[in-house]
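Should a chain be cited, it is by its letter among A, B, C and D, assigned in written order, with residues numbered from 1 in that chain.
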Amino acid sequence: MGLLGSDERPRDVILGTLDDLINMARSRSMWPLTFGIACCAIEMMATWDPKIDADRFGMFFRNTPRQADVMIVSGTVNKKLAKRLRRLYDQMAEPKWVISMGACANQGGPFRQGYSVVEGVDKIVPVDVYIPGCPPRPEALLQALLLLRDKIADRELRYKKPREIPADYDVMAEPGKDGRLPVL
Amino acid sequence: MRPIPIPEDRHFRPRLIGYDPQKSRPWLERTVYAAYVFVFWLIVIATYAGVPALFGALGWDGGWGFVLMRVLQVVLLFLLSAVIALLLILVLRKYLGKVQERFGPMHYGPAGGIQTVFDALKLLAKEDFVPAAADALTFRLAPAVTFVASFAMFAVIPFASGWVLADTNVGLIYLIAVSTLSAYGVLLGGVSSGNKWALIGALRAGAQMVSYEIPLALVFLTVAVWSGTLRLGGIVDAQLGLWNFLPLALPFVLYVIASLAELKHIPFDFPEAESELIAGYNVEYSGMSFAFFFLAEFVELFLLPALIVVFFFGGWHGPLFGIEPGSLAAGALESLYFTLKTAVWVWIFLWIRATLPRYRDDQLMEFAWKAMIPLALFGLVLAAYMRLIWR
Amino acid sequence: MSLLQEVWQAVKAIGTGMATVHKRVYEEAPTEFYPYVKPELPPVSVQSLALVENEDGSERCIVCLQCERACPAQVITIERHRNPEGKGFLIDRFDIDLVNCMYCAACVEACPVSSIVTIQDFEMSTYDLQTLKADIDFLHEQARRARQWYSPKFGVELRTDDGRIEKAPPEMQPGGLAEILKPAEEVDS
Amino acid sequence: MSTMNLEPVPGRTDEMIVNMGPQHPATHGVLRVVLGLEGERITRAVPHIGYLHRNHEKIEEARTYPMVIAYTDRMDYVSGTQNELPFVLAVEDMLGVEVPDRAKKIRTIFFELYRLASHLVWMGTAMLDLGAISPFLYTFWDREIILGIVEKTAGARMLPNYYTFGGVRRDVHPDFFKDVADFLDHMERRMVDYEHLVLESPVVHARTKGVGVLDQERAVARGVSGPVLRASGVAYDVRKAFPYDAYPDVEFEIPTSPDGDTYARFWVRFQEMYQSIRILRQLLELTPKTGPYKGRAPARLKPPAGERYRAVENSRGELGVLVVSDGSDKPYRVKHRGAAFSNLQIIPDLFVGAKFSDAIAILSSLDPVFGEIDR
């Protein structure tokens, strides 16, 4: 469709380029949140070790959710942890992304039959990239981070309203009397 | 027997973007650093020689013209501090990578050279968040206070002979006053965040400040007694024969320790203590406010080593190869000497950061009150006697 | 005196530590440059599962359901019917839920014909979980793309360039040491 | 006062209740400790666990005996195969399976390799908690070498599911013994550096000496085990007290320290790493290069009804398992006795009265792993 491409709305040359630049910057400077849960957390740490060195791609851990861009859910999420996980996600500043690492975070994995385990972290937070494995290799986590990079850089609609987030409070333990999450 | 067809790849593969990434190329890295330092040097020359020359040529060196010139110089210095932060963060990450047997940022830009630019852009575009529990005005103001306090130190830093914004004869006192202010920014930010970790970080910053500022001021006093002036240019000029770090060895060591504390740098990074207080005073900051704290931290990481060079390592002094002092070329060369001497001290600070664990906060206070202050007083008396005897 | 000695000890220790750290600058980094260079994984490494066909394209699996019974995470679903012409069974459905799989290789241990094998394809990250619900076509594809795989019965097998399947040399096999050392022992005796 | 939730004391304004965890960089996972802080001093401490509870023991009752081995891996996920051994030993006892000598030695080699790997992770994270960044990267690279050796033989890096009833699942890779010998040479060189960076560092001395003292009586009363117990001067080690596998054949010492403080726990772990290297060197000499790697286990695993407790000394202490069989192919009950869980109980004792920074150092010296604590 000629110069403007096949987009639904015509692209603004200046703002479009600026958006491209900002998406490029966002995709190349993803700081994950230090939040290790279980076995996968050890492999998550190993992704930053000298052999793999994800810092080559400009990623390093921030301890506070306010300054982090990516949450790597690295392990089994049970119902006691679920509301904390959701809270951490809410505390992160926009824009934010979630990577679900390992079988347990994806769908409960080998523990999905247990009474306390949340079957899939995507019931609590919106997940961008899933990694299979138990635990995945550090290379697999790096691959997922780079897939996320490509996803951010390619995002067609640059500005859009905050994503609709599925908040399945049933999977979390005991919401408060007013039906909302208890405040820690 | 049919040959088994190899199917198409159904998996997602990341794009292979990057700049010939499969080996480290030290020469390229050095070129990147040199380019940053060159930009830094150009800005310094433009600030201290270019702008006054321009205004002098235009005849605007009085009244409002002078004010405009100073404003322009300050804007250039702001640009300079941005360059310093971008370079130092890159160098920190690359150097940490080197000593940890890995590479650090290397795929975006030549040898990872524009990684920090991406980081800055991302922080610019990230949501800047004020928590509900925070005191909004103070919360917004604190990063600015911190940054301005460290940025104001530029006013008296002499980059070369005569290359200084305010060649005031109370330069040292100004430094003592201004450098203390940056702790106020940390205090304000921590207390106004409405977060307990930030509060602990702020209290630690306050407690730390009252302990290391006294030996720091005593060392300033020692340098002033030894040089006979409070003007920073005068202190540098007094070191023409002998750099101060030899006669003032004890105050020099104390000064390095105290500036580590003032920088909130390992082994004294208690207000930020990543593994204890999560992120300390800046735990609630995101986006641009956080970037300002970061900027202030790295500008200080340049300024305090620069002060070490001014006080103890002869400032801008170096061989001039027959260039007439006071000329543009001499100024340029002198500012380069100053930059390189500072770079060595920045490297030593980064080296300390890569090696040492963190002390406990009360141990610094104990050390400051029980060892550093008596030693600094002793150094002051010694320097006074030495001055009486030898000069 | 002892105080001075203590201070000297501390300064010396800090200096030694800093020298220890700085020494690393001159050592070569072991970084693998992952997305640009794929790591060479050992052939027994369990990264994913695949269903190997025979060289002529016929099914190796005899649908004995041993793997389904052995799976701790219970991710294998097999449906079968009796072969109308001849003996044995035919596959209706052979699904492995690679999302929930714990990659313990118990199914590979259980397989009597080495049909289900472990392969080294770890690059399975995805935007959509449904791509990981492996059906029989997916598992066959994985096997066709693989250059080497492992199963306890046949050991490490390689796929040659012309599509044949052959046993790997003993240097790659678990327990290959026996075969490697045997000629030397014969020479000794 | 309820023991679970810390309520502010009415009328007391100098105490601040701080919630540390479950997301905190120094809690080694998902521990939550509610602290009462008076300035920097801790007045009260209540640890909360259960954020990683994933019903190991209940799920294991619904799995057959070979399947359980894969699940035990996921408990103490830093020490890999060490978790499999007590269960394997208990079932072997019940079945009366004969284990070949070579299989025992291979198992022990893996056991000690994982002890080194676990202690390396401990060292890196403990130094990270104290504020030093570089040792973390060094130890993780050494751990990568160990995991590379393990993966070449066992097929997975962390959770290999390698031991089986009667031996190990497959014979070792032809390069195995050479790789281990090379690694030990490498490790001995690196240990010198770690001594410089950790044990000799004056900052570490300042942070750890005299901090978090656990005296001998309380250590025994609280049921701690492993390096934490030995740092309090009790020379109890399951490898010596109730030897299993190839440990009767090798010589090694049990390092103990009378101090009981955080530095002693650091020191004991260091000495254990030297002992592991020593054990591995002996085992490389003793293990036949070829031979059987697996005994003859019955095809249908149905241990006779009864129960059996076996324990091993893993990286954190006594890891035991009680298997109750009702004669079917699934265990009636599997009860794990985790060392990290018992060691965690001394947290309130050691935290109260310490500085907040000390609490971080104490916690890192306990080296908890939450897969095993919460199970």
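Everything below uses one rule, namely that a contact is a pair of C-beta atoms (placed from the backbone, for glycine too) under 8 Å apart; a residue touches a chain by one contact, two chains touch by 3 or more.
Given the structure is predicted, the values throughout are model-derived calculations rather than measurements.
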>> Counting hops between chains that touch, how far apart are subunit A and subunit C?
In response: 1
> Which chain has its C-alpha centre farthest away from the C-alpha centre of subunit C?
Replying inline: B
>> Between A-B and B-C, which chain pair is linked by the larger number of C-beta contacts?
In response: A-B
>> As a quick test, compute the distance in whole Å between the mean CA positions of subunit A and subunit B.
In response: 34
> How big is the gap, in whole Å, between where the Cα atoms of subunit B centre and where those of subunit C centre?
Replying inline: 50
> Between subunit C and subunit D, what is the gap in Å from one C-alpha centre to the other?
Replying inline: 26
> CA centre of subunit B versus CA centre of subunit D: separation in Å?
Replying inline: 43
>> Can you list every residue of subunit A that touches 2 or more other chains, as numbers and ranges?
In response: 49-51, 53, 56, 63, 110, 113, 134, 137, 143, 146-147
>> I need the residues of subunit D touching at least two other chains; which ones are they?
In response: 25, 70-71, 74, 134, 137-138, 141, 144, 159, 197, 201, 203
>> Show the residues in subunit B shared as contacts by 2 or more other chains, in ascending order.
In response: 12-14, 21, 99-103, 274-275, 278, 354-356
>> Going by the touch rule set out above, what shape does the chain contact graph take here: line, ring, star, complete or other?
In response: complete
>> Under the definition above, what is the set of subunit D residues touching subunit A in their complex?
In response: 19, 22-23, 25, 29-30, 50-55, 58-59, 62, 70-71, 74, 77-78, 121, 137, 140-141, 143-144, 157-159, 370-371
> Which of the residues in subunit D end up touching subunit C in this complex?
Replying inline: 63, 66-68, 70-71, 73-74, 134, 138, 141, 144, 151-156, 159, 161, 169-174, 176, 193, 196-197, 200-203, 289-290, 293
>> Taking the touch rule as given, give the residues of subunit C at its contact with subunit D in the complex, in rising order.
In response: 9-10, 13-14, 16-17, 20-21, 23-24, 30, 41-42, 44-46, 70-73, 102-106, 109, 118, 150, 152, 170-171, 173-178, 180-181
> Okay, in this complex, where on subunit A does subunit B touch?
Replying inline: 21-22, 24-26, 28-29, 49-50, 53, 55-58, 60, 62-64, 66-67, 69, 93-95, 143, 146-147, 149-150
> Mind pulling up the subunit D residues that touch subunit B in the complex?
Replying inline: 16, 18, 24-26, 37, 39-40, 127-134, 137-138, 141, 197, 201, 203-204, 206-207, 355-358, 360
